[in-house]
Each structure stands twice: as C-alpha cells, then as structure tokens.
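Note sheet for the following structure.
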Amino acid sequence: MTYSDDVLGRARVGETPELKAYYERLAGHEAGALWTVANEIEPWYPQPKSVPTHWSYADLRPLVLESLDLVKADDAGRRVVMLVNPGRKDISAAVGMLYTGLQVMGPGESMTAHRHQAAALRFVVEGQGAWTVVDGQKLKVGPRDFAITPNWTWHEHGNESDDAPVIWQDGLDIPLVNAHDAGFYEVHPNHYQERGQVVNSSLLTYGAGELRPYGFADGWTKPYSPLFAYPWEQAYPALLNAARATDGSPYDGVILEYSNPLTGGSVMPTLGAHLQMLRPGEATQAHRHTGSVIYNVAKGSGHSVIAGRRFDWTEGDIFCVPSWAWHEHANASAGDDAVLFSFNDFPVMRSLAFWREEAYLDNDGHQPTN
Amino acid sequence: MTYSDDVLGRARVGETPELKAYYERLAGHEAGALWTVANEIEPWYPQPKSVPTHWSYADLRPLVLESLDLVKADDAGRRVVMLVNPGRKDISAAVGMLYTGLQVMGPGESMTAHRHQAAALRFVVEGQGAWTVVDGQKLKVGPRDFAITPNWTWHEHGNESDDAPVIWQDGLDIPLVNAHDAGFYEVHPNHYQERGQVVNSSLLTYGAGELRPYGFADGWTKPYSPLFAYPWEQAYPALLNAARATDGSPYDGVILEYSNPLTGGSVMPTLGAHLQMLRPGEATQAHRHTGSVIYNVAKGSGHSVIAGRRFDWTEGDIFCVPSWAWHEHANASAGDDAVLFSFNDFPVMRSLAFWREEAYLDNDGHQPTN
Amino acid sequence: MTYSDDVLGRARVGETPELKAYYERLAGHEAGALWTVANEIEPWYPQPKSVPTHWSYADLRPLVLESLDLVKADDAGRRVVMLVNPGRKDISAAVGMLYTGLQVMGPGESMTAHRHQAAALRFVVEGQGAWTVVDGQKLKVGPRDFAITPNWTWHEHGNESDDAPVIWQDGLDIPLVNAHDAGFYEVHPNHYQERGQVVNSSLLTYGAGELRPYGFADGWTKPYSPLFAYPWEQAYPALLNAARATDGSPYDGVILEYSNPLTGGSVMPTLGAHLQMLRPGEATQAHRHTGSVIYNVAKGSGHSVIAGRRFDWTEGDIFCVPSWAWHEHANASAGDDAVLFSFNDFPVMRSLAFWREEAYLDNDGHQPTN
Amino acid sequence: MTYSDDVLGRARVGETPELKAYYERLAGHEAGALWTVANEIEPWYPQPKSVPTHWSYADLRPLVLESLDLVKADDAGRRVVMLVNPGRKDISAAVGMLYTGLQVMGPGESMTAHRHQAAALRFVVEGQGAWTVVDGQKLKVGPRDFAITPNWTWHEHGNESDDAPVIWQDGLDIPLVNAHDAGFYEVHPNHYQERGQVVNSSLLTYGAGELRPYGFADGWTKPYSPLFAYPWEQAYPALLNAARATDGSPYDGVILEYSNPLTGGSVMPTLGAHLQMLRPGEATQAHRHTGSVIYNVAKGSGHSVIAGRRFDWTEGDIFCVPSWAWHEHANASAGDDAVLFSFNDFPVMRSLAFWREEAYLDNDGHQPTN
C-alpha cells in the first residue's frame, strides 16, 4: 500500500501571499489553519520518534559500576544509568513514553524514601542482597525477580549484601506522566518508612494467585496489584508448565503476563510486564502493534529483528521495540530455552482504545533484514 | 431485641365471617389477601428450614462402600450417597439450596459423560486414582484436591486405581437451579468425550494464578474459572504462607478462597469454595451471615458451635451451617493445625445483594451451648 | 426430541428388598441414594410448577375496591389483593419466585414506613394521587408510571387524592428472597420518615439518563438505580421514537428496558422491567427462555399464546409466562398500538448464568393453540 | 509549602570534570545519568507548558468566515481554524494534549469521508443546516447541540442550509494519540458513505438514557457511546431540572456529564464532555485537578479566574484550563443563568490513575487576581 498526501481527503493547499498573510493574522490570535499541519498531525500510521535500540550489558555494566565511586547515592537520589533512545533525548525515554535505567547499590547501601506519581517496576539483573520497602512492606528480591512500586507508594531501596553490588533494571512511566501533566513527587517526612514485621508479606498473602485471602486483607480498592513481588522461582516453572500445555503465541513463544491476582489484569494501570520463553531453536513470526516494549534478556541468547534490523542479544542485554514496528524473536540455542522479560504500555493502549495489532504475512512471517 | 407481630407495620387483621367469604371469592380468581400471609412471607429475619447437621464419615464410609456392590455405576448414573438435611428432604438439599453427596468409584470403574445446568465441584476424600474429564480436559485428582465442573460442561469420571476405591464429595447447586426453574440435562451423544492430549492442562496453563497466559488461551469469556483443578499441594502451602503474613479472620482463622485467576472472583457464579486453617489451639469467634455453607474436615479435628449446638468433627466429617445461624470453630489440638474445606452460595448472595453479616458481640464472641 | 429416562446416563435402578433396607439405613444417617431422585431433580428441561395464568382486571377491580371497607390499611400493613399462581400457592408466588398484587389506597389514606430485604416495584393502574416516600425521597406517580423501592430502602405510601382511590400493581421478589433464606423486615422506629424538600428529586437529577450528575450526587455505590421513578410521559415517547428507528425484536416488538442510568443495567439486582409496544396489527413470533415474567396491559388489547394456550387481554389485565414456556403476543387492533409493561427475574438469570433462550422455528414462529 | 531541590531525596550532584567525562562516555552508549535530569523529569507537581488562554469569538468569527473564500473545503480536508496554546505550538494543542478548532462549512457544502484514530466531538456554535454522517448514521445538529465522532468511525460533514454558514467547534485528542504513537488515518474508498434511512437513529434509539433497547440493538461492545448526538433541547432542561433538585458542585455549579447510556461512563474512552450552569449571580469556589479542559460559552456571560488571571467571557468564547491550575467561574448576570459546555481528558486521567483534585481553601475559596 502506498500513502500519498496528494489525494482527496488530505490537505492540499498551496502557499500564496494571501494565505501567508492570513496565517499571520491567525497567529496573532493564538490560532492557525489546520490544513497547514493536518497531514503531519494525522499521519497514515504511527510515526514514532523512537528507533529500535539495543543496549549491551557487557558495555553498560562497567559504566554502571563506575558510578558507585563517582556519586554518593544520597546525592544522586538514586544511582541510575538511564538508557535513552536516540530519538527521545528530549524526554529521557528509552522508547515511546517509557523510561528505563540500570540502578546500582553498593554492599550495605540504602536510600531514603520518596514517592511519585510515576509507576515503577524492577527486574533484578545481578546481586543477592537487594531489598525494597514499598508502602511499609519489605521485599527481598534476587536475580530475575520482578517487583513493582505502584504510583504514589512510598519506597526506599537497599542492598544488604556484604560484598557485592546489586544491579537491577528500573522501568517507569515518567515520560507518560509528564506528557499528561500529572507528575507529583514527595520525599518522606521521616526519610525512612516504618516497616511491617513480615518480609514479602504480599507474596505470602497473594502469591498463590488462584487462592485469595477471604475475610481479611479484603477491601483492596487500589488500581494496582496487591502482590508486589513475583519471584523467578515461581515465574520460570509457570513458563515451563505452560509450555507443556500449549503451543503459545506464534509471535512471542510461550508468554505469560504478570498479573493482578484480584483482577487478572495488568500489574499497574500504566505498565504491563511479561515473561516469555523461546523454546530451543524457536524463531517466532513477525507482528506489529501499537504500544512500546522494553526487553531484558533473562536467560539465554538469540536475536530479534525489529523494523528490518537484526539485534543479537545475550543475558542482561536490553532492547526496545517502538510502536508499530515489525518484530520477531529467535533463540540462538538448539538445546536451551531463552527467556525474555519485558514491560510495556499495553494497559494504556487498551484503556484508551488505542490497541491495534497486525501479523506479518509475507515470507512465512519473517522480515527481510538489511 | 424482641419481635412481635402485634405492632403497627405488621398485619393484624382478625378473622371474621365476612372476611372468610371475601377470601373465598378471591380464591376463585386465583387471588388472595396479602395480609393473611404477610407476616409469614416477610419474616423479621431469615427462617431457614435447614437445621445444623453433622455427618460422621466413620458412619457414612461403610454405607458408601456398600453401594459398590449394591448398584452398578451405569445403572445409578452416578453412585452417590447424598446427604439430606432433615428440614429439606423435599428438595434433597444438604443445607439451603445446596446439594452434597459422597460419590464412590471402584477400581478401574468409569462413567459415561453428561452435562447439566447445575454447577458441580469435587473434594477428594480418599483414593489415589480419581480422574475426571471436563469439556475434553482430563484432570487427575488426589486426596484433598479440589476440582470444578462448571455448569453445562461435559463431564465423566473414573478411578484408574488397581485396587482401591475413590470417594469424593460432590457439591452441586441442584436445588438452587430447580428453584429457579432453570434445570437442563443432556447425555453425551457418544457416551464418552474426545480428550485432549495433556492431563491437567488448565492447571499447567492457569495454575500460577499471578501469571496468566498472554496472546494465547485468550478470549476466555465463560462465567467461570478457566482453572478446573486446585491441588492440595498448592493450597495447603498457600494457607501456611498466609498464616505467616496475617492474623486471618476472627471468625474463620486463616481463610482463602479458591478463585478464578482471570477475575479474582469465585470459581463459579453460583458456588464459592474456601480452605481455612485453624491454628493449633485456635477457637474463633461467632458470627452469622446470609448464605449457606457445607464443610468437609480436610485435616485434624475440633468442633464447631452452630446456632448454640456443639458438633465435634474429625477428618472426613461433613457438616453444614444454615443461613443466619451463629457459628464458630475450634481446633481440638494444641500442636497441629486443623483445615476445613467448605463450599457455599456466597456468590449468589452477593450477585443478588442478599449478603449480610453480623458479629456475635456478647461473651467474648462465644455462644452459650445447650 | 423425545426424552426417555431409560437410557445410559440416567438413573435406572430397580427396587429390591436389599436396596430398600439399604435406603432405610441411609435415612438413619440423614442420607439417601442419589439415584432414587436423580432423574427428578435433574430434569431434561425446566419443570416449573407455575402455570400460565391470566387475571382479568374487570374481575379483580371490584374485589380490590371492596377491601377498602373490609380492612383498615394500618391493620393490613398494606391493603393488597395478591395474585397467586395455581401451582405456587405454597409460596404465594404469581409465577416462579415472583410475587405480585394489586394495592389499593383510599383518598387521603397513608401507610406507615417499613423496609425489607425484598425488592419492590410499582406500576400504577388507576388514580391520580399516589405518592410514595423511598429513603426520604417523595415520589408522585400517576397512571402507567413505573417506580421502584429497592431492597432495604425505607418506604411508605399514600394517596393524596380527595375523591378517588389509587390502585397500583406491586411486584416483589419475596418468594425469591425466602428461597434464599435471606428475608429481613423492619418497621420504622418513628413510623414515618423525614422527607426531603424536593418531590421526585431523583427524576430531576437522573431522569435524563444520557446526562448524569457530575461532581455532586457522586459516589452512588448501591446495587440499584439511583433513579426511582420512570414516568409514562417519558417512557411512551421513548417507545415511539425507538419504533421509528428500529424494527424491534421479532419476539417482543419494540421493547425497552427501564435501566439504571449509571450502569445501563437492570433497575435492581433481582428484578428487571420492560415496556414494549406491539404496533398496530403486529403479532410476534414465539420464543422461550429461562426466567419468569409478569405482564400488565398498559394500553390497548390483544392476546398472547403461552405454552399453547391463548389468553385474551385488555387494559389493566395481568398475566404471566413461566420459565421456558413458549410465548408470543398479538395486538388486536389494526389501528392503535398496544403496550405491555412487564417485570421479570432476568437479572437473576444473568447473574447466576442461568439464562437460555430459544426461538420457535416451526409454523412461521407461531404455536398451535388448543 | 515551599519546594527546594536542595534536600535529601532530590538529586544534588555537582559538576566535575570527571563526571563530565563520565557523562560523555555514557552518551556514547545511548545512556545518561538519571541524576542530571531527575529533578526536572520528576517535578514536585505538574509543570504544564500550556498556559491559560482565552479565545474571543468576536475576534475569531471574521477570520473563520474569511477562510470560506480563501480555501476550498476539498483542498483543506476540513476548513478549520485551530486554536493553539502559546505553550504548545509544537504539537498544535489548545491545552494539554487536546486539540480544538472552529470548523466552517458554507451553505450547501459537504466534505468527503475519512476516519482516524483520534476521537472527535462537535459543539455547534452557529448555523442551522449542519449534518454529519457517522458510521453510516446521519445526524442533524443545530446550535448548542453536542455530537461525537468516536475513534475510527467513518465520518463526513456538511451544511444543508441555503444561505448561511455553519460554525462548530471541533474537539479532538490528536496530540494525545500522537504522543502515544498510535495515529492512523484512512480516506473512504468511495469518498462517501452509504447512509441509513433514519436520521438521528441513535438519538431515537438511545436518547432516553434511562430506557434502553432490549432484545435488539444489543451486543454493543464498542468502547464508546452508542448515542452519537445530544441535543441542547434535552440537555438544557436536564440542567434546569438538576438545579431544582440539587445545589450542584461548589466548584462548577450545576454540572452534568454527557454519558454513555449503556455504561454511565464518559462518551468516549479519551474524551469527556460536560454542560454546566452558573445560576444567576453564582460565583464558584476555586479548585484544581489533573486533566485539561476546554470550555465554550454556550449561554450568557461572566468570567473565570484561572491560575490567578481573570478572563471575561461571553457567548461563543472559548477558553482553557491547564492541568493543576486553580480555577473558578462566575456568572456576570444577576438575572440569567450562564451555561458552559466543556470537554476534557478526564477519562484518561481516571483510566491511568492520574486523577487528583484539591480545593482552594483560603480566602473563602477565591483566588487573588493579579
């Protein structure tokens, strides 16, 4: 299909001196002529400024660790190397309106508490001692565990290891919040929260998603999951189980969504998160959809083709798929599975009725690569 | 509080010859005078015909096993000893509009397939070889496992053990369906269903309730849980976990609801099911609510006080609590936990806005017993 | 289709002395053998005890008026001639688990306030002075107006006319509430409610259903409509409008549901209400469904065929359709429309997943009549 | 409350040569240090680029009419003077991510059909002959009528008047759609749609919001209202009625939301619309909230104070309130009511859990003006 703007139904007004004068008069009244911008602001299909981008963990890790000595955590607020899409430097986004970064905490280090309108999530990349306190609940998280910090919950983090740093990936919707003129921020009046007695209490209470508390812990009316931590030790077996019972998706392999056990919906109203397995030798077909995605390679290695470009990836690497970009994934190993963690703005796409999806039909579903 | 019908706002019309004649004329037109029945049909509070009842497994078990020789499964349809409330013999209900029974299947035995409007659930009491095929999906269930057969799903059961019978408790809403003039029944045209390849596929797919399938197995629009089996090996640890994180309910101890992982709601629109733990030495306080409950003692022993009567129970025993009856539970052991499985019509109470609940405030929450 | 119980999948156990003894032993333990009742309690299709019944207003009206002299309103509680289905005398139901009656109030008469778990609705048949106070809100209702008294709302009624009685039809779910052991009743401690200043305030606030209050009157969380009165002067034009834009239903003509403007759902969780127009000369096709319906002829005359029996009706007449009975309606006039008001338990059928519907396919959709 | 970034919990890292070099190395890997932008992208409260702006209809009207001669409708696509916030020229927004403009159609003029992902709404300012065809349904709209063109519905407009132009205000979420990389556009393959027979059919079918179609027109599953037109002749009486029954909101007077009669929710998932009355002499108190609003003065005159600036307005004027700006309204007349139409992105604020609201407590709720 070709898209020409020189058709009936698109703006096709030429420039004349009269019009130019008219436009100037309009501008004097904080007004303009729609037809001068119509084709640009109503494109045939999405025109993201974000480009497909791959961040190598091997490259970033030394830089991230270097920051331990360069800045004090208390001065930085949080010691984070953020990943910035070449097309979105103006808003510090990794793709679309999603922010991501690698946060590092040295042994024994801890942060002060704050909260913000932006929703946050964490995927632990390395290190054993990470903890976070979310609205008074202490969570301990290890490698490949997933945790959430819903919007406006108090939170503070730390690393109780004696000898090794923790690195986790942060995912937030900061650019989304700002685009909607809805950002708020607060530092905790006491710098630190009171903490409940029981570590990982939401995991103990809600972690068996198919059995939920009754007659206590009721009345949860918040718009996000009451379960704050989703350990790898539950998530990976769930993937293996699903792989025994289903073929999965042609585009994503065996893919599960971390979900709110009280609603079956996404973990937070603005951010969703998935864990997907590419079985040994599996290469998925391409599709595209509205909504942006940021991946973290949890296990194994392989490559993805995104908008016709091939990106090879291995454990710890991060890459992104912009809205409406064709994408497909392949596991490099014939013997081991590969697992991708990802997070996205799909809940927003669904709430606003912006979701659209399309399969790549040519060439057995595989894009030509340049 | 005393309730007298001799007050303004209640019907207080005496009998006169004139009125008697009037009533007869009304009856000739399929009519009557409301005030002759008003106080009866609009009681001050619920007047269930069901009475608190306890069924001893020690008593019932030999009778149940005896049926193996007395009737052929194919002749019986299902070989079930049903438990009938003394006040509800007219509708074969165990309490309220809930039906329950003990079904027995001999080694190697299997049934033909049928479906009905009534929703069914199973709680396995003894035996290792039980299976059921629900809408083409084979489930294997062992002692203390819970499984559902939602309304109008095809189902057939069997026991693949070589040497021992299976006994499970059936719970159905048959009287409820009949009261609503909504009963349908069908025998399978081929007597047996086609079966999928994977045993317990819904458990593999949906059994980690906090991670749900994405991009496949989507589009589940049925009004019941896509997860058909809830094994004890998941449920009991969930109880233990919850007990570490919470005090539970003052009326029920640590209590979880088996839930639909896609909605967080009850497993079926007419039947809910719970698993609750009474910690060593725990004696709960009394409360009452609308809705009827049937209990099966999954583990341990203790007693319940229901409407002022004490019922002692031990593993395998079944007992019921009628609507609006005060009830409280106590674990007899100071060292071991006791676990009660139960099912109820609470989803109906909630859908119809009939739910009401009240705590027993006197005497530290404990009823006097007769 | 024929339904025989002498097939595999139905209970087919004969009587033997051994079995008889067995049944007696079971009975001694509050138990029984399912197969002795299975075919009865699991019928092939609904077996309502209710029968199609027609109540002539011409017959009933004098009887209803007679009660004005026979009993004082305060003694009767409410002065109501209830309509009782020949098959449901045990529970005072008009059909299924629905109650209905004709309530009469003399000029200047008023009642004391009470509330009950049962939900009530009113459809005014004759008289200009009717009022009701529902949870403190005074409603004035005239002929063919529809009003609701949701469950547990305080209510008291009266007739402020100088010279003529009011007769309205009451519809309640009393038998449904009782079947669920959920009935409560309370007389108002002061006998009469405090009343708000503005008559019909919910109509003023919510009566334009497509524009709802914002920023005030918010936070309505009750499970029923905040709009308590639906006047004929709005409802009838809505029918006429719909008739211009649509062909309506083949089974019901142009039919609208009185709805909760905040949800689009039924007015109350247990009772729905419809208004339908049979255009001049229109005869609908037959269908059947689960759920029971009670009709009041609001305008015109015609007949309905219900389960093969023809019932002629004219203004003020009441008739019922039991669950799963084939039914079709015909307008007797070639020049005027006929309008039927009706109420039903469809919301219950939907909530409990009991709804089922079927078109009558033979004979151009028309039943043979006996 | 004062907001200083020089506190624990905010980024406070100074510039050093070492850090500068580090930042450069990060930039080489499409990365950056969060602390260099943290305070800016996580503000204490919303920092909209939009400023309160008022557009005088007296000023704009001649400019809008001038365009009739300057450009042909077919060349312009649509002949619209858009209103552009001084702070949002980059995205052609009037406020936040909302677009608005004044569209003019000459007598007898009509447009070709297209559709787009952006949702649109219309509020007619002047002219009698306006029509629009939305997904095949012809709507006629006059002054002060409100109509919607939900996302991805085909639409084409025209003016069937003989002698006078139509001017209506368009409201769209174009900038919102673009920010989410979700824009699609299509011209109709035949340039014009097939049209249904009945004009304003959705109004006839759904226009009595408290009575909804049953058994036909069912199965509406789209995420927007099935009612496409909301005439002034229904809306204004609804306001007058509400004013009799309620005091309204302290911040907005008597305010109603145009709503989806099937859900009680907003008309479309991204745009809400209100109609509010300031009673004679009424001056509301100030509040602020997240979410942006564009007003059109439907009737009367008065002023609003927005973020401390006073804007006087009269019929036809348009003005905007950015997110989190204090605002209050006053009717200039002691004898007549004033009515404001407005549309907003509140549905987005709610879906994404971004809604927050605050009353202005000082000075009896009134801002000082500069």
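As written, the chain order gives the labels A, B, C and D, with residue 1 at the start of each chain.
What we mean here is this: contacts are C-beta pairs under 8 Å (C-beta built on N, C-alpha and C of every residue); 3 or more make two chains touch, one makes a residue touch a chain.
Since this is a predicted model, take the numbers as computed values, not measurements.
For C-D, the matching interface among the pairs A-D, A-B or B-C, defined by over half of the contact pairs being the same residue numbers, is A-B.
Chain B and chain C have Cα centroids separated by 30 Å. Centre to centre, using the average C-alpha position, chain A and chain C are separated by 52 Å. Each chain gets one centre point, the mean of its Cα atoms, and the points for chain A and chain B are 43 Å apart.
Looking at chain C, no residue sits in touch with two or more other chains. Taken chain by chain, the contacts form a single closed ring in which each chain touches exactly two others. Looking at the complex, you find that chain B touches chain A at residues 198, 201-217, 227, 230, 234-235, 237-238, 241-242, 244-249, 251-252, 255-264, 274-275. The residues of chain B lying in touch with chain C in their complex are 7-13, 18-19, 22, 25-26, 29-35, 37-38, 41-48, 50, 53, 55-56, 59-60, 63, 66-67, 70-71, 74-86, 91-92, 96-97, 99, 101, 112-114, 116-118, 151, 174-188, 191, 223-224, 269-270, 290, 292, 322-324, 345, 348-349, 351-354, 356.
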